[in-house]
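Labels run A, B and C following the written order; every chain starts at residue 1.
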Amino acid sequence: MRMLKIVALATIALGITPGAAFAQSKVTMWSRSSSETFMPTLIKTFNASHKTQIELQIVPNTEMVQKYAIAAAGGSAPDLLSLDLVYTTAFAAAGQLEDLTDLAKSLPFFANLSKAHVGAGTYQDRIYGLPMSADASVLLYNKRLFRQAGLDPEKGPTNWAEIESYAGKINALGGDIRGFYFSGACGGCNAFTFMPLIWASGGDILVDGGKRATLDTPQMRSAIDLYRGLVAKGYVPEGARTDSGANFYGGFATDKIGMSPIGAFAIGNLVRNYPHVEFGVTFIPGKDGGKSSFAGGDNFVVTAGRKNMGVVREFLDFIYSVEGQSLLAKLGSLPTRSDVADEALKALDQRYRVATQAMALGRTPTSPVYNDIINSSTGPWKQMLNEVFFGNDVSGSLARAQKTMQSILDSAGK
Amino acid sequence: MPREHAVMPNTSSAADTIRPRRSRQRRKQLTGFLFVVPAVLLVLVFFVIPLCMAFWMSLHNWPLLGKPRFIGLDNYVSLLDDARFWGAMQFTALYTVVVTIAIFAVAFPLALFVDKGRPLTKFYRTSFFLPMVVGFSSASLLWAWLMNVDAGLFSPAAFRLGLTDKPVNLLAEFDTTFWSIVIMVVWKTAGFNMIILLTGLQGISAEVQEAARMDGASNWLRFRRITLPLMRRTIALALILSVAGSILAFDQFYIIADGGPRNSTVTAVYWIFSQSFVSFRLGYGAALSMVLLLILVTISVIQLRLLRTPEGM
Amino acid sequence: MSRTARSARRRWLGETRYHLVGLTASLLFLAPLAWSVLVSFKPSLEARQPPLPPWPVEGFSFQNYENLAKFGAGIWTYSGNSLTVSAMTVLGTVIISLLAGYGFSRFQFPLKNVLFVLIISTVMIPFQSILTPLFLILTKLGLQNTLAGIVCVYVTLQMPFSIFMMRNAFDSVPKDIEDAARADGASVFVMLRRIMLPLVLPGVATVAIFAFLASWNEFLAALILLTDQKKYTLPVLMAAIRSGQFGTIDWGAVQSGVTMMMAPCLALFLLLQRYYIRGLTAGAVK
């Protein structure tokens, strides 16, 4: 009924200024703070050209899941949501999200939408999430420091030995310049940037459809050795040990860090806010070559039972249009529709292409308890990483984390 | 201004004596009851009922979204071998003991210090108390910054003064994190305890002290024999408040240390918060709360008994 | 040296030592507060460096406050929310605890001690542990995600302390005063307002200040119970700012926020200190 009304009103009011309040349909939408660079502009552009008006709220990254869950339980959840794609299954499993399968399949370009997003957005063969914004992990390096250290600024490291030797050379520049940076007390950041090291070397963290954790693998141990070595040799700033992700790219932005695995989101951010930092983008390599990435970003999801599919369709048509995709790309998200990606990236920095390719080859681990095992600040993944990077008992830490993680996975099945 | 009795003739007391005593008493009872009704209602609706609900929830598998399922005492059973919860409890106990002693050890000398009516004493008293009025969240944000290795105060200052040969990340190891936070809490709450103890000190009559001085009792003897015994109730109050507050510590560990390094500063409340509002295991979180509650009440009762003065609290 | 001269000298030494200790200790207690306030007036870039010295070197600046003002719906909205919540909490706490304190102090009624102990003992219970059911109740009452809802919670949390305080304040008023007034035929409410209230005003001030400080600074309940960004209070905003722009902390903005949060608390305390300490003293002695 409401949809009909919207369509009718939209047809009648075509051409009338959006100021005509009676013709408007208002929906609310939340988005997390890491999308602050593109969502407000995107929504503003949408509102300017549509009868439907979206009211956007930015929620801090760390509070998004909690706020949405609580608002949902209290009946005050927003209509639409741009949700970190790893959480789609959890909310779908709780029956909180609208089934978008039919709508999705009716999109002519459905097959070209980011596989990672649709995959993470699928629960029990139904689609609950569609790509909103995309972000792939890549390795950023500082070209100025590369030049000063006598390295080729056009060539980032392609294996772990190179990472270590480049970091050493950059570190040797002295002062407070350091070779490498990562957020050492952040589960989510390191899922994003450390897991690809393992994937690129042929290992995995979650197997059997996400039912079993495999932490103690040769690939994991080698990757740990790489980071331990970087830390032990003093290539990593002291602050990294306690960085809970608040300084995820802030370290690199100081222009005093040689290399740092971050995400594509940092490209636009650095260009805009730290124009003096001259940086290159490359893939996160495997031990002896190879490459991988964490295909992340946000899924567009709809709170169940709101009966606003017309608005949803309207909005999706907008964001997947060439205009929408170009706008997203320009503001810092990667394109999510591959058949127009080149078009959308046409006017942009070459560096985005690396990230777009990374997105295509990237993986996304999913689990209904993803937050508990990986992202949670009291979770086993975060604790283990900090122990193995900076502590003394690698085997013990791995064993403990394996046990905790598996018990969480097991209890989730109950 | 005309006083009430000026306009109202003094007849009601005469009427009162005529009326049966019991009904007057009952009316007075009702009046008293009505006075406390708003407070009781508020506490019932927003505290007692939620508390009972929390117990009810603890018997369920209660996800935030979705249907709760009754599981009896299962939550309590799985709680018994939740190593992370007992780790948090152990840490909370350590923190409570250390911080209570530390606060007392600072607050008592401060109270003695500002007990004298010398010039500037008022200024000192105010300075010591001032951090108390700043909220735990602001204080934690402030100290999180002071303790930051790059942009903070302590580590860069120590480095520049040549006390350390490289910047020390205070939040990287348990010991430094723990003691930094203890210092922060002492800084913030010593003033409050000082004032409480001060009231005890000032409640001791000057004559008693003077008489003891006349008898030639030394300062220490007077402190031990007169000051301390007469202050037992005040000290008990200060300790109880301190212990109760510390067992419930959350803000500072959440904001400053994020429970780190390596989950070593996760307090009991932090763990309950994490289970309830991060993992959304509301039923399990409720069961944890019940256990914490039981421990807290037991400790308070024991404390009250131990420090009870002969005439009672 | 004469005896009087020596004792004068000793007194002078003692006095000097006293003030030396006093000033040093005061400095230690005040320094962190001063540091934060001073740094908040540095230019944004300078505020990201270690605060040595704390005062602005490259000129006094409001940059951090400007950055702070840009977040979300604007700093005035959040300050307004915080002020509304605090004012309503203070009002509610004072009225309800005044009545209850009077009731518990001056009347006998069945279950009196049970009710008193019930209210006081809630102080033992971590409110964090009942946040979830609280949230469900607020939802039922239609108060979830409203400032009024959070005020109800805050007033409740103030009850044990405030009622304890007010009862003691009333207890310390001699019964004869009341008896005299009653003999003159004053009704209970008139007596409470005209005669008792002025006498327990220090207690009221204490209760009011405590209610203000607690509600102004409270973080966790606000974080969980307020889901709409436009309803955030200052502490919740500050948490948001800390993670506002993913990947960097603007310590300057954080310190300007901390300063904004501290300022009313410090001002209020310094203005009402006398009542505050006096009230607190009366409470602790009993």
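Throughout what follows, a contact is a pair of C-beta atoms (placed from the backbone, for glycine too) under 8 Å apart; a residue touches a chain by one contact, two chains touch by 3 or more.
As the structure is a computational prediction, the values presented were derived from the model and not from experiment.
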Most distant chain from chain C, judged by the mean position of its C-alpha atoms: A
Top chain pair, ranked by number of contacting C-beta pairs: B-C
Chain A-chain B separation of Cα centroids, rounded to whole Å: 41
Cα-centroid distance, chain B relative to chain C, in whole angstrom: 14
Multi-partner residues of chain B (each touching 2 or more other chains): 148, 150, 277
Junction residues of chain A - those touching two or more other chains: 66, 70, 73
Residues of chain C touching at least two other chains: 136, 224, 239, 242, 249
Interface residues, chain B side, partner chain A - complex: 63-66, 84, 148-150, 166-169, 171-172, 258-263, 266, 270-271, 274, 277-280
Chain C residues within the chain B interface of the complex: 15, 18-19, 21-22, 25-26, 28-30, 32-33, 35-36, 48-52, 95-97, 99-100, 102-104, 106-110, 112, 115, 118-119, 122-134, 136-137, 152-153, 155-156, 159, 163, 181-188, 190, 194, 213, 216-220, 224, 235, 238-239, 242, 249, 251, 254-255, 257-258, 261-262, 265-266, 268-270, 273, 277, 280-281, 284-285
Touch list for chain A against partner chain C, complex: 33-34, 36, 57-63, 66-67, 70-71, 73-76, 245-250, 253, 262, 265-266, 269
Chain C-touching residues of chain B, taken from the complex the two chains share: 3-5, 8-13, 28-36, 38-40, 42-43, 45-51, 53-54, 57, 110, 113, 118, 120-121, 123-131, 133-138, 141-143, 145-146, 148, 150-153, 156-157, 160, 187, 191, 195-196, 198-200, 202-203, 234, 237, 244, 248, 250-251, 255, 269, 272-273, 276-277, 282, 285-286, 288-290, 292-293, 296-297, 300
Residues of chain A that touch chain B when the two form their complex: 65-66, 69-70, 72-73, 91, 94-96, 185, 237-239, 241-242, 244, 369, 371-372, 376-378, 382-383, 386-387, 390-391, 404
